[in-house]
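Two complexes, one shared chain (chain A), two partners (chain B, chain C).
Our next item is the complex of A and B:
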């Protein structure tokens, strides 16, 4: 392998990692704070992409406005889902909530298929240049995704240090003790849903000028988001970020050598990691129902 | 009972949410189809997996012709095939029914969701159709496992007119199966394009496919066709079906430096993203997307620019810019009136319906054995939405009945970002080029010596028997 090819594969992995980081961060936030395994998380990513398409391509609004619209729409939808589904199933336990999100995700996925068919939505590239550095090609749109992911992570880092952010962390650490300290868990939960879903909306919005939107894009990325969360550790934002880039890079290199067996390589590495570190790289083990 | 303010608010939110979902579903649903589930005289109603829908009014004692279809309703092809079958049934029913012999039937399509290549779902769907709903004809399929289906249809003497990517349905031991849509005799498309690309200087080709059964079959067939046409075939690249970012794939393609890249069974967003990633690597060469509809081409041009795809040849299943046949034009109009928009994804795969319709009209019978006898000694092409389709024997499998189809295909070229129709691939070319690609000339020659050369529809063709 030449150095040029090595660097190209590395860059490809970082680009893929940026997409995974955006989707997985919302997923791990909800899993960590609410202890809800949100199977519909990928659908918020898909809806975010289509919302961006609708605002930017159909209505002709500037791309930045479309990103904000996707963020707001997914945050609102997250709140709606919390109050209409999560809140009522949460009291019955982990599996009830998980199944409810499976149902919600399936309904949203099928509704999207009925509404949009299997059409592909393309948003014009914001920056449409492929840069070449030492023979390594860098798609400027993907660089923007990478930059966007880092900015979003930075904002999230700041947010988690605000009063509500600290309350979210407290709930993630120990819900009962947090409540005894006077934290309003109900408020923390719906804010978490809003932020977690908004992150996916932003992910969809950032990605859609680079990767075309389709109604199955949420399903496709969801498995990767789970892997990232497993590797990074439940509820750990830093872990999700680190794991996203690791998974992206491993996937990129594995494809070069074993092509479609690349997922097998990833699963094998995840299995080994989980065996030695059940809590992933930086988190704690997944919540086990009943314990 | 009194509700607190909070609970009332939540209830309102819940209702609003459900209304939103219902609204979304209603917006996307078919516009004017009437469900007639389980109101027919012939057998019990459809249950959990089987649903029927056909236009027109019908009474409970009216003769009904139930036509089953095993479709994956998670796929665009399955959804589109369902829409076409509903439309065909509606057209018959609105015209007073389908007159077969002395009886006029109301047509009732029955749909069974089979998931995506899920053996368990396939099995339960076909059992429901055949054993519970007593469907006698299974016409058109997508996403099922034909081997599972045939293990139920054969002993129950149910006519299966379907699609099969492997040769499970064309074995000589089968009596009621006709592969009315297959790709065995469909090498004409790639053969034509390979010839055209070789003329333009292409020497090597790399086939890129999803890691699915279809993908592997496609890679094998496309590779064999390219080799026969005179191209050097590099090791194919298979990618996971859940690939979102195609950069690693594009990097690998570019590192092998092929003159041409053939994307087999890569469509929609995947195709656009794959070609976009390929452009990012700086690779330039000939591209062959297996299939390209107008919407995908528009999106592709928006993504990579028209210069990058200029001169790209491709198969197409869109009959609109091509067909002049009045009946086909009527179908296109009816589809657009019924559904408002246009999708080409089902046009090719709905072919078995026309072969079924031709058999019924020619025999004026609904008897399965009569229909099978007609189909398995077929001597002519049948017009479908994408040109002629014709049934042929498979002497290479010792099956001398006409049970396998050479389907119609269009070929076009991208000029200035638009699809420009080049030609229709003749049934004769599909048939002959496939025999040539598989190296089966001797086997077929023996068959022709005994049974005579097949007759083909009157279409311009590039190949002749002397080319083999």
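Our next item is the complex of A and C:
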């Protein structure tokens, strides 16, 4: 293997890992704080990609504006879903909320198929040059995705240390005690939903110039987010970030060498990890009823 | 004497339901009958889902194990020229042995890991079915040989329907025996209070594993049954989306009804999607909206609504105390949602 090929695969893995990291951290956040297993998480990613396509390609706005539009739209949609569906099903327990998000995801997925069909929507590449690094050329579009994702992760790190972010962590730790300390759980819940969905929207917006948008991308990334959460440990944000890059790189190399059997390699990785480290890389078991 | 007992228990509706099911092929045509054959298959899947819900484990690999049954039977018939009836026990065996290997890792790690690991397994398995040349690729297997009984070729829809009914009744009977036995009581105990059950000496991991493997055996039978009426096996049939539909069947029918809930849910949803054949692309949306509405306004499903209505009407008529619907607390009755302590690994 040449250095060129190795670095290209590595960059691919890092880029896809960064995208997994954003989606999976949104998923983990909602799972940890609301204790909702959000099946519709991938659909927010898909909608974010299509929102970017609509703003950047159809309306012709700059790409940065499109990213912000996707972020805002997905945050609003997340709040809407919380107040219209999740809030009313939370009291029936874990399984019912999960099923409500399943049904919502199905509706959104099929509506997207009706609107956009099975074709892909392409957004013009933001940068189409290649970056030459000591005789090795790398796709700078992919590096840009990686950089953007790292910026978003930094923002998330900052956000989790603000007052509302700390309140979210407190709710994830122990909801009753957090409420006794005067934290408004209702407010924390909708903010969590907004942040978790906005993360997916941004991930979709970042990835669309490189990979283009299609209606089935939501379900695919959801299953990848599940793998990331299993590897990283349920309820651990740092674990999710670490695992996302690990899964991205392993998948990227596996795809190069065994092509369509890459899911099997990932499955083996997950199985071995679950066997030897039940909590994942950095995780601890979640306080989910009926565990 | 026996008849009196049957009527005294609230199972009297089983007789007309059974007669209706037996008489059905005489009223509907071959095309309609095929729809009811699908209903039987989906009921078998939903029953397996409901079985595992009994021990507090939602599973999303139902369609994958269904595929294991179908592919085992289909491949043995194609490559080894085996009789369909001989492949049935083999597909059950394959499903249970493979299931033991997969679930002995994940069952002991609790509900969350079990659920997510099942999804990852289903994804990997579908990839295997689609990508390995031996299984025929994404386009499906070659044409399957017909299923025969002696020299008679089983292609009459009516007999396929009766075969499915026999399988369904066998499945219900086995589940009923299990639910009434010591094993079933242990399952209920695990479902309604995991920590209490385990502190009373119930082997939680062992009983959960047994539960999941019983489900696997019947899923494999359902898969083999689907070989009877399919010309070929296509891997995408056994994908994640089908597992999601199975979950919807169970909830729409009623989570508190171990036997009738999955069947009613499968029947209602299949008939709805069939009646929308002209507008096929809107069907998932309608199904999704119905599911959301049922979760929000009738969390115990259609049968839950029916039962509480019937009971309240009976109460008014007889002005006596009829039994109210009993809902297993494992399914998260409103009071127990937040009452549970942070759980450790099972």
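We take it that the second predicted complex is superposed on the first by the 272 of 291 C-alpha atoms of A that agree within 3 Å, B and C clash if a C-alpha of one lies under 4 Å from a C-alpha of the other, contacts with A are read in each partner's own complex, and residues count from 1 in each chain.
Keep this in mind: contacts are C-beta pairs under 8 Å (C-beta built on N, C-alpha and C of every residue); 3 or more make two chains touch, one makes a residue touch a chain.
Bear in mind the structure is a predicted one, so any value in this text is a computation, not a measurement.
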Partners on chain A (chain B, chain C) - clash or fit: clash
First (chain B), second (chain C), both or neither touched by A:260: both
First, second, both or neither for A:122, with chain B first and chain C second: first
First, second, both or neither for A:98, with chain B first and chain C second: second
First, second, both or neither for A:114, with chain B first and chain C second: both
Touched partner set for A:161, first chain B, second chain C, both or neither: neither
Partner chain(s) touched by A:15 [first = chain B, second = chain C, both, neither]: first
Touching partner for A:5 - first (chain B), second (chain C), both, neither: first
Touched partner set for A:187, first chain B, second chain C, both or neither: neither
Among 6-14, 24-32 or 78-86 on chain C, the segment whose C-alpha atoms clash with chain B after superposition: 24-32
Residues on chain A lying within both footprints (that of chain B and that of chain C): 107, 110-111, 113-114, 219, 223, 260, 263
Touch list for chain A against partner chain B, complex: 5, 8-9, 12-13, 15-16, 19, 80-81, 83-84, 87, 107-108, 110-122, 124-125, 130, 132, 137, 139, 142, 210-214, 217, 219-221, 223-224, 251-252, 255-256, 259-260, 262-263
Contact footprint of chain A on chain B as seen in their complex: 10, 13-14, 16-17, 21, 24-25, 27-29, 74-76, 79, 211, 237-240, 242-245, 247-249, 251-252, 255, 268-269, 272-273, 276, 279-282, 295-296, 299, 302-303, 343, 345
Complex contact set, residues of chain C against chain A: 53, 56, 58, 102, 105-106, 108-113, 115-117, 119-121, 123-124, 127-128, 130-131, 194, 240-241, 244, 247-248, 251, 255, 281-282, 284-285, 287-289, 291-292, 295-296, 299, 330-334, 336-338, 340-346
Residues on chain A engaged by chain C in the complex (per definition of touch): 37, 39, 85, 88-96, 98-100, 102-104, 106-107, 109-111, 113-114, 174-176, 219, 223, 226-227, 229-230, 234, 260-261, 263-264, 266-267, 270-271, 274-275, 278, 285-291
